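In the two complexes below, chain A is the common chain; its partner is chain B in one and chain C in the other.
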Partner chain A sequence: MARNGKRVLAWLPPMAPSVVLLGLFVVGPIAWCLYAAFTNTALTGIAARRPQFVGLDNFKNLFTSADVGASLWLTVLFVLGSAVVGQNGAGMLLAVFMQRRSRVLRGIVGTIVVAAWVLPEVVAAFAVYAFLNTNGTLNEVLGALGLGGQNWLYTAPLFAVVLANIWRGTAFSMLVYQAALSEVPSDLTEAAEVDGAGPVRRFWHVVLPVIRRTVVTNLMLITLQTLGVFALIFVLTAGGPDNKTRTLPLLMYEQAFKFGQIGYGTAIAVVLLALGAVFSLVYIRSLKTEV
Partner chain B sequence: MTALTQVAPATAVRRRGAGRRQVLHWIAVHSFGLALGLVFTLPIVFVVLTAFMSDQQALTSDLWPRDWHPENFLTVFQKAPMLEYFANSMLYSLLATAFMLVSSVPAAYALSRLRWRGSNFAFMIVIAAMMLPPQVVAVPIYSMWANLGLTGTLWPLVVPYLLGDAFSIFLLRQFFVTVPQDYFDAARMDGCSEIQILYRVLVPMTKPGLAAAGLFTFLYTWNDYFGPLLYVGEKQDSWTLSLALASFRGMHQTQWNLTMAATVLVLVPVIVLFLFAQKSFVRGITFTGVKG
Partner chain C sequence: MRLSIVVNLVLAFVALLFLAPLLWLVTASFDARAGFAAKLPEQFTLSNFGAVLTWDVGGRPLLNGLLISGGAAVVTVVVAVLAAYPLSRYQLRFRRPFLYTILFTTGLPVTAIMVPVYGLFVRLNLIDSLAGTMLFMAATSLPMAIWMTKNFMDGVPVSLEEAAWVDGASPMQALRRIVLPLMLPGVAVVAIFNFIAAWGNFFVPFVLLLDPAKQPASVNIFSFFGEHGMVAYGQLAAYSIVYTTPVIGLYLLVSRALGGGFTMSGAVKA
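Right after this comes the complex of A and B.
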């Protein structure tokens, strides 16, 4: 196939920048990460110029340090709470709710939900701060209902950042599910209705199996996106109080860039990478098994 | 794609008689929708209202400004060089978007239309790169720019886009594969070169895709905080708006009204852009999620 060969040659130039990109900004750094995680590289000082190979020391420190364990656990909770349950569940609920509504209602609710999604994370963090702090809107509303308020950012910081991320990110899942639901053949649901299945059973046994692939894809996307959430937490709580919201990206930023412990910080990045890989594997497996 | 505007007809059968129940149902549905809308807008409304308060009142739990202080928005410009930050943000976002379009369109075409050895593998890498949390590779990329002596400038933020952006390549590819093969065959018959096919046939047919990719890149860079924090965090001349905004709280701890006024100023361009281009956003997200 000489013709095919010629075509490939014609295509090398347009692909070249992307190959450079992938090498320079993706493959190279990951390889570098995997290497640096085993050194005592630092941002400044002797270790910056002549980093030494320290074997598994960083990882030994990592797994014996209470910090990293706590941070890893927080990150898992943050992802499960705000992405897997929160954004995913709320997005699905909204999509189902909007499915048979008037154009006007769908337009208004849809616009509002998506508007939260386009906000800068810093703005979203401020807005949620204004909503949840001692003098915030939530306490005002609770007070009007005769309930006592509290400083939510201190008493329930993880809840606050989870709520913030749900509020900001639900739009994505909602739009994805709206599109998926509209492609479910209506004769399927109608047939189930004729057979006497209620709305919940119709959804669980008819609709959900049809859109299963979309659900898994969406879960994967929002999970990996949530693993990388930084500014929202950094601005809202800065990881505090008492490190109760210091997820892995914040811990890594702190160690590598604030304390200059590049090697150690990179080891944390590797943990973050591994966590993403574990989530992805679970999702991919769930697609392969059953049905 | 048009599916978003479909309405399932299943309820029509049940809609006979029972006028009162129908009204109640309508009220229930709309108040639920209204409540949802409120929950999602409440934080923003509070931000806007606080922006109009006096600095004393901003510290109280009042919801409504006692007297309105629109001059807060002018004070913000006196307290910080907002126009400079605005210019930096614009420069970052516009350059990144332009660079992305130049580099990612051909790459996406090659991935969507050309079967070459390793094309599937290349696509997998693009997806993996797209999903990588930015913090994972932040350290090595940072040290690279530091070695080049370019930290403290906007270059580390925009140059990567000149080489392509994984998410944009993925999104554009999703649009490109929807174009029927016949168009390409016909163009080839007419003697078009691959570059001509790309820019004369494919690009005009997938303008919504280009718009979506451009919008996402613009928005992502406009909202980006982590990147500017790493590279220009120490150099105030090069601050972007989101960076400036985050530090506004620290500098003017007690002046929540000004912080919120600055927030509104950052917010407005994004909301305006969004309202004008809502369709592109929705289409872009749909293409990312469903066909993924």
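Right after this comes the complex of A and C.
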């Protein structure tokens, strides 16, 4: 017993601050999320002081509301387009292309791509906002080439926010894949080259299987990251026009803080978490079916 | 080597695409009559910077940001180092479940818990509290920080501490005198990354700090965009540059410290 007590004294005091902080600010809110989603909690009024248990009402409203369905779909499109295909694909492409390039070229390309990633989210959004504006750089360039411009944020809002997120996030995937590619044993690719495999086949049959776990891990990280994107869309389009870019985080913000429906907003947050869980499960399963 | 030329051209083209949106920030900030398109200033000026470097615009929000991000980085690192020590050195029954929980929360989008956190802050009377916001940010970056710190600590051989224990040092003394100095570069990297993340975070202070006098630069620059951004393009660009500079400086510091090219080997491994 005495020994046990001494051991507790050894680990508990140093662990205590992290347990308290994580419990209060991370685990607590998640638990409350799961509870409050079943109440009619509101910011003001009677429901603010005495929230009542309303069972599955919030979720019933949620799934019968066209708003949530549309937002859920937009969020999936945003994640697939900007993270899974965009950032992941562009990052992989850059990493592969930058292999065996001159130091100077690697340095310049790498620095430019990383610069977009290092910017604070709001500043990145301003830069894209100016770039895609009616009088912005893109339209000036298109005009000089004799092509007509348009107000991209208005005519193609989802495309604009997807593009913005690819621009901002590709650096992460690029850095991850650069590290992964540098660890692929060169005798493997050389052996394939001797056997007459071209660069595409070498990549597909030799390199990709080796870095598979990194690809899945990277997909998981950027998916969860992209699910939570708020400021970028909020600054660029604020969810509009006509709610065409209102992903789940923006809908949650609108319901909870603009309309004061905390319970309903929390239910939307639960949907967001569930979506993250679904994506994660798909990724984890794809790792397990490894031969 | 025709393939090589094609690859070089593709890389140059992609680099140009990535560079294009950045150009406006630089050109507009020095342009007396800036628009939304990137072009060399006809009338070069520094007045945009002068206009935003006032106490209410560039001063107090940057100071608030420094307090929140700096405080969060320090708290995170201290708490993470303390927690990492038992996790790295002792045989604990709950070690695996604890580490799995940590790993799971690493991926959690913070956006998703902001509604209940707002409710919690109202209840605890912490809305508009810089310290409260700072602690919350420290808590959300803890999982990643504990994970990384533990990995760094695992790399420090236990035999060094054993010598100290023989000489009568307590585990905490050994941590402070022997382990910590050896992993200081790693700890510094964790601190700087947390600072950069907190400095750029918009949603958390946007929800938790409603008083404009308490808001950090990330939120203040957004209000500035709403109020003046549609007219004073040059000032918006100048403010963006002032707000971004510390992050770029710290990033360069970290990438130098990690040996020239910054790579992520080891950080992302399943």
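Points worth noting:
Here, the second predicted complex is superposed on the first by the 281 of 291 C-alpha atoms of A that agree within 3 Å, B and C clash if a C-alpha of one lies under 4 Å from a C-alpha of the other, contacts with A are read in each partner's own complex, and residues count from 1 in each chain.
The definition used in the following text is that contacts are C-beta pairs under 8 Å (C-beta built on N, C-alpha and C of every residue); 3 or more make two chains touch, one makes a residue touch a chain.
Because the structure is a prediction, the values reported are computed rather than measured.
Looking at the shared chain after the overlay, A:199 reaches chain C, while chain B stays out of its contact range.
In the superposed model, A:155 makes contact with neither chain B nor chain C. In the superposed pair of complexes, A:287 makes contact with chain C only, with no contact to chain B. When both complexes are overlaid on chain A, the residue A:186 reaches chain B alone and has no touch with chain C. Contacts of A:249 after superposition on the shared chain: both chain B and chain C are touched. Common to the chain B and chain C interfaces on chain A are residues 7, 10-11, 14-15, 17-18, 21-22, 24-30, 32-33, 36, 94, 97, 101, 105, 108-110, 112-116, 118-123, 126-128, 130-131, 134-137, 139-140, 167, 175-176, 178-180, 182-183, 214, 217-218, 220-221, 224, 227-228, 230-231, 234-235, 249, 252, 256-257, 262, 265-266, 269, 272-273, 276, 280.
Across the complex, chain C is touched by residues 7, 10-11, 14-15, 17-19, 21-22, 24-30, 32-33, 36, 41, 90, 93-94, 97-98, 101, 105, 108-110, 112-116, 118-123, 126-128, 130-131, 133-141, 167, 170, 175-176, 178-180, 182-183, 199, 213-214, 216-218, 220-221, 224-225, 227-231, 234-235, 249, 252, 256-257, 262, 265-266, 269, 272-273, 276, 280, 287 of chain A. Touching chain A in their complex are the following residues of chain C: 3, 7-8, 10-12, 14-15, 18-25, 28, 35-39, 78-80, 82-83, 85-87, 90, 92, 105, 107-120, 135-136, 138-140, 142-143, 146, 171-172, 196, 199-203, 206-207, 218, 221-222, 225, 229, 233, 236-237, 240, 243-244, 247-248, 251, 261-266, 268-270. Within the complex formed with chain A, the chain B residues making contact are 3-4, 6-11, 29-30, 32-33, 36-37, 40-44, 46-47, 50, 59-61, 63, 103-104, 106-107, 109-110, 114, 116, 122, 125-126, 128-129, 131-144, 160, 162-164, 166, 169, 193-194, 219, 222-223, 225-226, 229-230, 241-242, 245-246, 249, 259-260, 263, 266-267, 270-271, 273-275, 278, 281-282, 285-286, 288-290, 292.
The residues of chain A lying in touch with chain B in their complex are 7-8, 10-11, 14-15, 17-18, 20-22, 24-30, 32-33, 36, 94, 97, 99-101, 105, 108-116, 118-123, 126-128, 130-131, 134-137, 139-140, 143, 167, 171-172, 175-176, 178-180, 182-183, 186, 189-190, 193, 214, 217-218, 220-221, 224, 227-228, 230-231, 234-235, 248-249, 252-253, 256-257, 262, 265-266, 269-270, 272-273, 276, 280.
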